[in-house]
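What follows is a pair of complexes built around chain A, which joins chain B in one and chain C in the other.
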Partner chain A sequence: METKTDIIDNNQVMISPVGNIDFSNSQQLKDELLELFEQDYKKVVIDFSEVESIDSSGLGKLLLFHKRLKEKDGTLIIRNVKSDYIKNMFEMIHLNKVIEIED
Partner chain B sequence: MKNNEAGVQKDKKEFHFELESRKKAVCEFQAVIYKLLPNSISSDIFAMALHEIIMNAAEHGNQLNPEKEIDIDLKITGEYIAAVVKDQGTGFNWRQKISQNFDIGRDSERGRGIMMTDRGCDSFYYNQKGNKAYLLKKINL
Partner chain C sequence: MLQSKIELNKLGDLPDSEMRLSELFITLSSALDMGSYKLLDHSQRVAYIALEIAKVLELGSEDINKLLLAALIHDIGIVDHENKERAQNLFQVELGLAESHCKLGAELTQKLTFIPELAEIIYYHHHKWDGKNFDQLKKNKIPLASRIIHLADRIEAYIDPDVFILNQVENIIRAVKSKSASWFDPELTRAFSIIAQKESFWLNLKVKEYKNILTKWGKKTKVSINLSNLESMASIVAHLIDRVSPFTSRHSSGVATIAAMITNELGYSLREQRAIRIAGLFHDLGKLIVPNKIIEKKEELTTSEFKVVKQHTFYTYQLLNKIKGLGSIPEWAAFHHERLDGTGYPFRIKGDGLNTGSRIMAVSDVFQALTEDRPYRPAFSISKALSIIDEMQQKAKLDGEIISVLKNAI
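Entry: the complex of A and B
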């Protein structure tokens, strides 16, 4: 999985993973998110426009990160979900009740 | 990975796979399944559920030991998709896992796969020991 990071300002950052977020690479995403966490960004946007699929191992990392960010009064936003597979999954598990999902 | 197609009827296909307990093999297998399933939302959800169960079989059942295999039987008919996933592990208390309330936001980083599978399938259970899973989903094309 390839990821691109765009720093928007001192408080905001956007991370754009490409491909599948799964069992084989979710640890990498976790490390990248924790690095942003340590840099004290208050708003982290994950751009899903080029993510094709995600599994529970990837979701676990996002939810953990969301929780830690919230503890520091930060926000995690998932933006631009394009894949129908992911849309269906997020809907099935009501992810929007926990993490903010924007179009 | 070996694949023996044993489909007999026109609208019924049966496949058998033996998968290595490696993270990469498990993730690549998703693409194989995708190509076999009919194009529908039910198929997407089934593919997601099957991946979760194979992931559990590889990690918790076979402890990611590449010498241990995961046996997967897949049956696709015009009405439903079903799979049986068997690992070489010692099993687990699956009834307790399934009976937990579905709460996606729970604190743990892990442990959502089983509950997601239960939610996504029409029928989902294990053998008594907990090393052989049975999944079924009706297809709405």
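Entry: the complex of A and C
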């Protein structure tokens, strides 16, 4: 999985994964997120516009990262979910009530 | 730990591909009516009354199925016990309450895409025949099933559980007649007057014979149910449990997400991951019996309050186990407070009786619970939560391998 990182300002950063987030690469995504966490960004945005699918290992990592960030009063935001399948999944398991999902 | 190795390769069983819709919906209706003595079986009783009306009208079996499934969950949009009692103990329901719970109920049941008709039936179940309704729809434009449920629901609300039922019949007949053609479809009130003459109709309500009658009806409701259908049911259940309190509003979601992640990372199939997630969404079903004032209590619970809370997993099991064909989902969902050393509750099962699915759920539940705010304490940090979990592992309560999968994901 390819990801692009855009630093918005001292506080904010956006990461844009491409393709499928699954067992084979969710650990890598987690590591990249943790790196940003170490750099003290308070607001981490994950741009989902080029994410085609996400499996339970990926969803779990997002939730766990959200917990980490919240501990430091930060926020995780998921933006631009294009796939209806992913949107439905977030709603079905009510993750949209846990993690902020923006259009 | 020897115990953690015995069953480690056995997650448990996947659900069957066919189930009885009646069983799924009766379980959901029991959950809705739990927690208040006054509401005992309201939804099942309404379904039974609706069935008797439908028989007089000679409805076909497909229509009867939809009618009864909707009747069983018609009050799914009511938020709390207080409002439930208000809706179910007064003959005349306030317009605002009628409107809000009909709309919310329809919104929730819309997610059950495998029975698309339910949402519409539930939306209109408080609509009055003469059209004094929130959207002016009236008479035959209101779906027949909604009109039947409206009448059945009001009849059930009129029955006083503390008075001998046959002494109430005349009053109920009079009350229904007085609202014929204003609240109720006159054709339905005529059908009701035929049924109301039979003592057996009332006695079936008194001695709970309606349960057997609904079971008999349910035998014909076996259909193919896939995991996606089942997950949409579980999603509604999680919504119902979690909306009780802001403190629990993310709990089911968190447990389901973490448990499915661990299942994935242990190498189980997509179907298995999804089945575990469904069990996670269902796991606190029995919490619906715990009064809100205990769930929201700001101080530490008293011993006797804690006993009330501890019942919840028993009820989760009892409710889910009534649905044939769920595979290991009832166990996965209900054994999350069991501990490998046998000190958990309420079944006190030891490690050799806890399959991998149940062990995953226990670890996920503990982690999620520790890392969320509770009315009596703020959330623990992740590292504090993990050290508590480590301690539990050292005391042989939780599965070490599953804990290391979780840690690796954090």
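Methods note: the second predicted complex is superposed on the first by the 103 of 103 C-alpha atoms of A that agree within 3 Å, B and C clash if a C-alpha of one lies under 4 Å from a C-alpha of the other, contacts with A are read in each partner's own complex, and residues count from 1 in each chain.
To be clear about the criterion, a residue touches a chain if its C-beta (ideal position, glycine included) is under 8 Å from a C-beta of that chain, and two chains touch if they have at least 3 such contacts.
None of the values given here were measured: they were computed from a predicted structure.
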Quick check on the chain A-based superposition: chain B and chain C, clash or fit?
clash
Touched partner set for A:Asn20, first chain B, second chain C, both or neither:
first
Scan A:Tyr85 for contacts with chain B and chain C and give back first, second, both or neither.
first
Contacts for A:Ser53 in the overlay, against chain B (first) and chain C (second): which applies, first, second, both or neither?
first
Return first, second, both or neither, reflecting whether A:Leu63 touches chain B, chain C, both chains, or no partner chain.
both
Quick check on the superposed pair: does A:Glu71 touch chain B, chain C, both, or neither? Answer first, second, both or neither.
second
Part of chain B, among the options 27-35, 45-53 or 63-71, whose backbone runs into chain C after overlay
45-53
Footprint overlap on chain A, comparing chain B with chain C
23, 55-57, 59-61, 63-64, 67, 92-95, 97-98
Residues on chain A engaged by chain C in the complex (per definition of touch)
23, 27, 30, 55-57, 59-61, 63-64, 67-68, 71, 91-95, 97-98
Spell out the residues on chain C that touch chain A in their complex, using ranges where they run on.
111, 231-232, 235, 238-239, 242, 249-250, 252-254, 256-258, 260-265, 270, 273-274, 277, 281, 371, 381-382, 409-410
Any idea which chain A residues touch chain B in the complex?
20, 22-24, 53, 55-57, 59-61, 63-64, 67, 84-85, 88-89, 92-95, 97-98
Chain A-facing residues of chain B, complex
23-24, 26-27, 30, 41, 44-45, 47-48, 51-52, 55, 59, 102, 104-105, 107-113, 116, 119-120
